[in-house]
Amino acid sequence: MTVPSAIGLSRDEMAERVALDIPDGSYVNLGIGIPELVAAHVPEGREFIYHTENGLLGMGPAPEDAGDPELINAGKRRVTAVAGASFFHHADSFVMIRGGHIDLCVLGALQVAQNGDLANWSTGEPGAIPAVGGAMDLVAGVETIFVVTQHTTRNGEPKLVESCTYPLTGPGVVDRIYTNLAVIDVTPDGFRLAELSPGVDFEYVQERTGAQLLPMSRMSSAVV
Amino acid sequence: MTVPSAIGLSRDEMAERVALDIPDGSYVNLGIGIPELVAAHVPEGREFIYHTENGLLGMGPAPEDAGDPELINAGKRRVTAVAGASFFHHADSFVMIRGGHIDLCVLGALQVAQNGDLANWSTGEPGAIPAVGGAMDLVAGVETIFVVTQHTTRNGEPKLVESCTYPLTGPGVVDRIYTNLAVIDVTPDGFRLAELSPGVDFEYVQERTGAQLLPMSRMSSAVV
Amino acid sequence: MIDKRVSSVEEAVADIFDGATVMVGGFGEAGSPIELLHALIDQGATDLTVVNNNTGSGEVGLAALIRAGRVSKMICSYPRTLNSTVFPELYQSGRTALDLVPQGTLAERIRAGGAGIPAFYTATSVGTPLEVGKERREIGGRDYVLEYALTADFALIKAKVADYHGNLIFNKTARNYSPVMATAADATIVQASEVVPPGGIDPECVVTPGIFVDRIVIVAEPALESTLVAQGASYP
Amino acid sequence: MIDKRVSSVEEAVADIFDGATVMVGGFGEAGSPIELLHALIDQGATDLTVVNNNTGSGEVGLAALIRAGRVSKMICSYPRTLNSTVFPELYQSGRTALDLVPQGTLAERIRAGGAGIPAFYTATSVGTPLEVGKERREIGGRDYVLEYALTADFALIKAKVADYHGNLIFNKTARNYSPVMATAADATIVQASEVVPPGGIDPECVVTPGIFVDRIVIVAEPALESTLVAQGASYP
């Protein structure tokens, strides 16, 4: 099977594609990994406010200098604070998440099922150290959940599946999936193709998807 | 029956007596009425920090000037803030109360029963406007509850009773009662006299008490 | 640029609808958003459920809204206050309903509403008439009652300073319920004495982060309830 | 005069007993009270249950406490971090137990512990393996699980500035869990970079009111975990 990273979008292009679908003025939480790259791709004319669950609303980019080791994001990387930022404690931070105040969250995934189930915190292997962080709170509390991920694992296994075999982060929570190969909506009928990456066709994506992929509807791919 | 206010302590003397029993360094919430007067009687060498449930720890005395209409206590009177004060919102304020962080609360009473039941928010009369404020939260959350009150009503009816006829603020919550006539502990055996006001004897207090009053034990009256 | 300013109190309250639940910040006059309340009277919405610690005083602000017959139900902890005559009359004549809630339970139910906590247990009101109708449960050897979250369609808030993003700071004990109400309403409408660009408030001292605020209107010199009541003022 | 200062980190942690539950502020290295943790290692208390978002990194601070065999159980949300090797080894060898809690649930359970809320409902973890053993309940058409309050015997907290009463402010995202942990522990022990007399912190900007703090010790120039780890430091 072809190594997927050679075909379709790069990690950065995937992040850029996600950013196109975020409405102006949104309050956004970005997961660790490719989701973090979204912050670098705010479309012209829009402003997003980034929330990081460790207590900062108005997260800015990485510092140009050494930064402050106590000004970090949820991935424990040093960041900055924009004008209009605020600091708050952890319980207040999760008021924003659990209370439905964050508009949109972009997460990575180990698996997404056709009913929107997400598995992104554990492979369930015996002996592995389980670590959940804020993922379960985010999917339970944030209205719109985007997943951005390589379409398949490094071994070519599909990440979009009929049902998750890994432990769930949350049931039926994913709205849209952005991969190197396609943009795919989670609909009541299952996975529906919304957009193909350049040079990729429907069959190519279907072959690498572990569940039935419905063809693009006549609607445009824009969800916003 | 004698008008009780002519005998025993004045309101101010009652407040002063209460203050004697508050340990140094206590965090204290004072109810409306005679309890408010306690603040003026901090014994030499002690420091208390006053909490007012509308969002101030470190409440000081009434301002010497007009004050700030937005710096008020729970009785909606203008107050000041001492050095080391802090302002916080209502939910955080009741974290202090409900979470058991306030050491001691001094409240007024309509009735106290011999088992420590307190009624201080409503006479239950039909047509009366019920108003509870923070009283139920205070008695549920604060470890030590002192009541300070005239020993009888204006009509000479006892306020210390076998069981409350008015709606309860909380069951079994009162630790000690300070009246114009006596200091009385609520014990597992019922009301026990701890101290008589000058010029008042046991029989005089018993006659004006609606439940059996146990004589002073050999222990000193100090509870602190 | 994110900018939540609107140009007038009229515009700020324009979409409050009949039957809405409206949380109103303030404890007594401290933090009471009088200008927003007067704009709401002018706007005309009726059959409102209002959440506030009290019921206003005199014939201005919240008391004026009640007096105008716009409030069908009050959810509050202490409806009796000095100079509070409007609510008692309407309550006793049966024209305004009252849901009496202990003060700390009221604050926590609002906080829960904003925090996505649908219900919680508290010892407050156990063994009292206000326990009636609540579910009781023993946890760790003590009895508690189950209390449900409280949310609203709108919150009317008075702040000292706001920035364009809606970050807020308050004046002393005017803070009271406003920060939790801001989290619990679909639309939080703020009148601020001063409005500054983002960065104008120290991020370490922000009390209400902008995410909880929808509209900001400047009211540079807000009226004080006690002053209006002393003047014998009546609105409208 | 109310003055909660103690003279050394040794004195500050002297009464932490074997078997105690200890909440440790910090998220990664931000807010981690390294000097208090090292004093606790020197002090010798063992069989501790520790509550922290993570499990430390390298062989300093919290990781050093775990490495010294003093922690029989970790309650945390994310025990895997960059340079975190100590906990995984002890966990996999069965010498340290793990209670894994979603981050927001962990923060809220601690807040509940401090707030006198014995239990609350949340949607977090419904339909996942972390729901196992929890009571599920439908409220308003959605499923929630019941979560219980978390309290501790001690909390170890790092602040930026403290006053003698224990009022605290923090540095940026070093705030994280510390304010809620301070409310949930019987004894809250604070290391602060600066200690000032009462009045030295703006009462409008106090983050943790002094009522939640029991002891303050000045650590003027606290070490940073990342610096120590980069130096290959190991404690003791």
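Which chain is which? They are A, B, C and D, in the order written, and residues in each are numbered from 1.
We adopt the following convention: a residue touches a chain if its C-beta (ideal position, glycine included) is under 8 Å from a C-beta of that chain, and two chains touch if they have at least 3 such contacts.
Quick caveat: nothing in here was measured; it's all calculated off a predicted structure.
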Shared interface partners, meaning chains that touch subunit B and subunit C: D
Winner on C-beta contact pairs when A-C is weighed against A-D: A-D
Far-end chain from subunit A, centres as C-alpha averages: B
Subunit C-subunit D separation of Cα centroids, rounded to whole Å: 34
CA centroid of subunit A to CA centroid of subunit D, Å: 29
Approximate Å spacing (C-alpha centroids) for the pair subunit A, subunit B: 56
Residue list for subunit B, restricted to those that touch at least two other chains: 81, 87-88, 94, 97-98, 140-141
Multi-chain contact residues (two or more partners), subunit D: 108, 111, 115-117, 122-123, 170, 172, 204, 207
Touching pairs - complete list by chain label: A-C, A-D, B-C, B-D, C-D
List of subunit D residues in touch with subunit C within their complex: 108, 112, 115-123, 139-140, 142, 144, 148, 169-170, 172, 202, 204-205, 207
Touch list for subunit A against partner subunit C, complex: 25, 27, 47, 49, 51, 57-58, 81-88, 94-102, 140-141
For the subunit D and subunit A complex, residues of the former touching the latter: 27-31, 53, 77-82, 87-88, 91-92, 98, 100-105, 107-108, 110-111, 122-130, 170-180, 207, 224-227
Interface residues, subunit B side, partner subunit C - complex: 52-56, 68-72, 76, 81, 87-91, 93-94, 97-98, 122, 124, 127, 129-137, 140-141, 167-171
Subunit D residues touching subunit B - in the complex, by the definition given at the top: 1-2, 111, 113-117, 163-165, 167, 183, 197-199, 201, 203-204, 206, 209-212
